[in-house]
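Labels run A, B, C and D following the written order; every chain starts at residue 1.
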Amino acid sequence: MTDARILDRGYRPYDGPRLGPAGAVRSLARHTAQRVMGLKRPAAAKILPFLSAAIAYVPAIVFVGIAALVPDERLTTEFLPTYGEYYAFVASALVIFTALVAPEALCPDRRTGLFGLYLASPLTRTTYLVAKAGTVLALLLVATLGPPLLMLVANVLQGLGPDSPADVALLFGRVVLAGLELGVVYAAVSIGVSSLTDRKALASAGTLLVLVLSGVVSSVLVEAIGAPDWVLAFNLGPAPTELAQRIHGEPGSVEYADVATAALVGTWLGWTALGLGVAGWRYRITKVVR
Amino acid sequence: MLATVYRLTLRTQARIGRLAALGALGAVAVLVGLAIGVGDLDDTLEAGTRLVNTYGLSIYAPVVALVFGAAALGDPADDGTLGYLWLRPVRRSHIVVGAYGAALSVVLPLTLVPLVVAAALSGGGGALVRGTVLAATVAATAYTALFAYLGLRVRRSLVWGLTYILIWEGFVALAGDTAARLALRSYTRSVLADATGVRLRLADVSLPIAVGVPLVVAAVALALTTRRLHRMEVP
Amino acid sequence: MPVVVAEGVVKRFGATTALAGATCEIGRGVTGLVGANGAGKTTLLGLLLGLSAPDAGRLEVLGLDPRHAGPQVRALVGYSPEHRSLPPDVRANDLVAHLAEVHGLPRRAAVARASDALYQVGLGEERFRAIGTMSTGQTQRVKLAAALAHDPRLVLLDEPTDGLDPVQRDEMLMLIRRIGTEFGIDVVLSSHVLDEVERICDAAVIVGEGRVLAAGPLDALRSTVGGWLVEVAGGSDRLATALVARDLTVTPDGRRLLVEGVDDPAVLRDVLADLGLEVVRLQRRRLSLEDVFLESGVYGPVEGPA
Amino acid sequence: MTWAAHPDGVVIELDHVSKWFGDVVAVSDVTFEIRPGITALLGPNGAGKSTVLRLLCGLARPSQGHVRLLGLDPRRDLSLLGRIGLVPQQEALFEPLTPLETVEAAARLLKVLAPRDTAAAALELVEVDPGDPRPVRALSKGNRQRVKVAMALVHDPDVLVLDEPLNGLDPRQRVHLIELVRSLGERPGRCVVVSSHVLDEVERFGSRILVIAQGRLAAEGDFRRIRDLMDDRPHRIRVGSADAAPLAAALLEAGVVQGVRLVDGGLEVETSEVRAFRSAVAVVARDRRLALDEVVPLDDDLDSVFRYLVGR
């Protein structure tokens, strides 16, 4: 046996499996999620995303804590918020998180030119956008679906939740639907705005502006000009939360008393279609500098 | 020479994106003015003045002045085209005045039109409109000059500018009279208060001073900008 | 089997015709793609990657038709664009591993090959630094590693020496040469610096006004045209008269003399020896790629509407 | 325009110039003079070359020492700026303007008579169509580069500084611009400073070079004479011959070479007495009736000179 040898350290070809476009979409999604949450990036990039996501969980943890510590069941059911009302507590955290996720997911690729490299890979403009939109939605669901699910599980474990499995399943369905509803509309709007510019600061400001302006304009139109009440449904602040409460079969807030659920669903569809439509159009026409 | 710098700056800075965005902000002022006018308020002058003061003079005018003022010389300094103005046998003061003039030619209309329309629609009457015109003009002139200097002095001038508008003028200046003296807002606010007779917080400066001080501030800012341009190392 | 086959490829963007019937074959090894600005080079690269479809003609890359098998082609091709196109706040090894994965490699293999590729392009421990902190030279190497990590069969490089200083340029050119030979990965090098193409390419494709004006191995393109270049340190005119006396035709070209009509080089040796001149250079004259380029009438269209 | 002619025609003078950014020394104690004609400014990335360039035309201020252009200080004398033409490296232009408007604006600022016509002429000189209605935003990198050159020529400057002017140009445009700059360099009294990394093209501008490495002046003058000064680097020359071995022996015997290597088609020699070798090679071959059909120097082009001066 020779006791010495020199291995060829030169270039080694690869002959293992190749995963094709599906692998590319998964990888892009994972890389984007890491980038948005600041992982594998300087510490400062982690603060805002984790902070705003965490704020969405704090009330849930507190309520679960109270339900566990306070023995008197009547008090807890009276005092603690219902699943629908929960969103009102975390509205500001949701808005901040929304204004962070999509801009960080979409804008840097175009600004640094990495988008051009992605197009030179098995990804196409469509699969790229699908992967990015999916990631943005998944991250937003962490903030819109996570906390109520946490409360549901905790309540069921402590026996506070509904008794029969059928009721639990129904409640679970409603929690998921409400979480999805909020996540989708906020994802769509923020993706739409983020596709319009390659500077994430502008995209974040733009997203907030759209949320605020939709409120200002709709309330001014209704109160000052006397437009019909359903116009309030366009307000991206309270309307999605109102729809979430409707999903849970709870009576919503007073202003929306005489706004039909159909209107709320209609505007929900409208905003979602508008956001995704704008993004789809922008990503089809973006010229890549080669 | 000065006219060439003026034309160059005007053509490169008046970009659709910025005009649209600030136009939208201006439209909000008009909408709220309309809301006041249509609503059955008893004292529209009071409400109109509050609108022009809180939204117009405290946020809208400074932001418009910041966007175009800081960009007048800040953008060329960032992207390197400043060299095409600087490496010329042109007095530095001509460059500064030309760029400032161009910025002002955009800031003035963009500030005056929405605020005056809002003032008129709010039913505040001639006094409010006159007050708005004078106050907005003073604000535009002073803020644009101040931010022109900022744009050349620091990088990321938008962030520093917003900090000045929202934090320094928004909070610190409310701490007391002496602090208020160091914020342009108290002067522009005094001009409005003087014209409309509506009492506004920390707006107790006489008209000549309320107009004079901002103009002096503008002149000093332009002088500093000229000195800075003369001594700086063009990227 | 040629790596790329193009037959009568036409591509129009609105009013301008970017490619008007380009036909050529790109073989193994390192091939230079040269052409005037706006002559269709960038369009051709885009078609090779299947990013846009030709209006007419046939295109084949690695045996696949990029129009229908775009993703498959791009999985086997590495591309390093000209412009600065890397995120500054991501570490080099993370980015290269990610791009390898996006090109179809499983996670484990991607991380291993990324590290290996970064070594091959000469990046040591700096591959763990954020790309924003790297010099132009290092960034160009990261781009090259990103194009190699997924073991492509073909690499398209667009101005890889852009922004490098002379020593860095030589190192990058030697590296590209190694890729085309040692690594066994074919390279298409798009560049405006013909001297660099001439130094490391086996063949070249000259594109002009949307057509391929000339293509083939460099030796064939730069056919020897006869004639000798002679340069001496002083006494050049005495040399000229002596050569004319031997009824050779002599035309001065800067510090050198172009001597034609020489059938046996010994005559040059003898004249130089007789006059005792200092021989700085004695060389057969060969067309440079630049001569071939300029003579092929490569006048890119005066910028019509883009 | 008469200018205060420096006594012996020196146009640009740096005297013990140093430049610090914070505690980073970009340029340390550099002294040189540039006379009319074309001088190439070379240096590795990050070695201070671009800082020297900015000091030269007054964009930057020396921390120590002084810079004189045509006898004047570019940082203080505004009128001097009307005699300098600079083609900067960055690509930014006044995007919404057309090529003609861009160059005309420069002409006006430079107090040129008939700015519009002079601008049109400058554009034609660099082969850009003055009538092109499109804003420079829409032009290719090559054309934008040529608009920048036109801006630097419109006032017929006495000092022309070009920072990597060939960037983005295609081969034909490069040849044309090299010829243009050469002709500009021939105007008496004008001094042209060109910086570029593509040394094969720099050789065509001329042979005078200034090399900046690690913030200091590494070499100055005609690069061929610089090469000859490098006696620690023997000249490597390829000699083509069918009788390679006997010729190698003969040359060794003649004592004009220090090292020989047989290669296919001939031999490669190393010699430190390059002049002796050049005089002997033809004579030795003829006397011994040995074939000699090629003598090609391998390392006296600018690329090798630069590498020896600066290479790691």
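Odds and ends about this structure:
We take it that contacts are C-beta pairs under 8 Å (C-beta built on N, C-alpha and C of every residue); 3 or more make two chains touch, one makes a residue touch a chain.
None of these values were measured; they are calculated from a predicted model.
Between A-B and B-D, more C-beta contact pairs are found at B-D.
The mean-CA centres of subunit A and subunit B are about 38 angstrom from one another, to the nearest whole unit.
Inter-chain spacing, taken between the CA centroids of subunit B and subunit D, is 49 Å.
The distance from the centre of subunit C to the centre of subunit D, with each centre set as the mean of the Cα atoms, comes to 24 Å. Subunit B and subunit C have Cα centroids lying 55 Å from one another. Listed for subunit A are no residues, as none touches two or more other chains. Multi-chain contact residues of subunit B (touching two or more other chains) are absent.
In subunit D, no residue touches two or more other chains.
Taken pairwise by the contact criterion, the protein chains form one closed cycle in which every chain touches exactly two others. The touching residues of subunit A, counted against subunit B in their complex, run 209, 213, 216-217, 220, 223-225.
Interface of subunit B with subunit D (complex): residues 1, 4-5, 7-8, 11-12, 79-81, 83-91, 231, 233-234. Of all residues in subunit A, only 10-14, 16-21, 23-24, 27-28, 31, 35, 40-42, 45, 108-109, 112-114, 116-124, 288-290 touch subunit C in the complex they form. The touching residues of subunit C, counted against subunit A in their complex, run 42, 45-46, 49, 51, 70-72, 74-75, 77, 79, 81-91, 94, 98-99, 101-107, 109-110, 113, 116, 120, 130, 146, 150-151, 158, 182-185.
The touching residues of subunit D, counted against subunit B in their complex, run 54, 57-61, 78-82, 84, 86, 88, 90, 92-97, 105-106, 108-111, 151.
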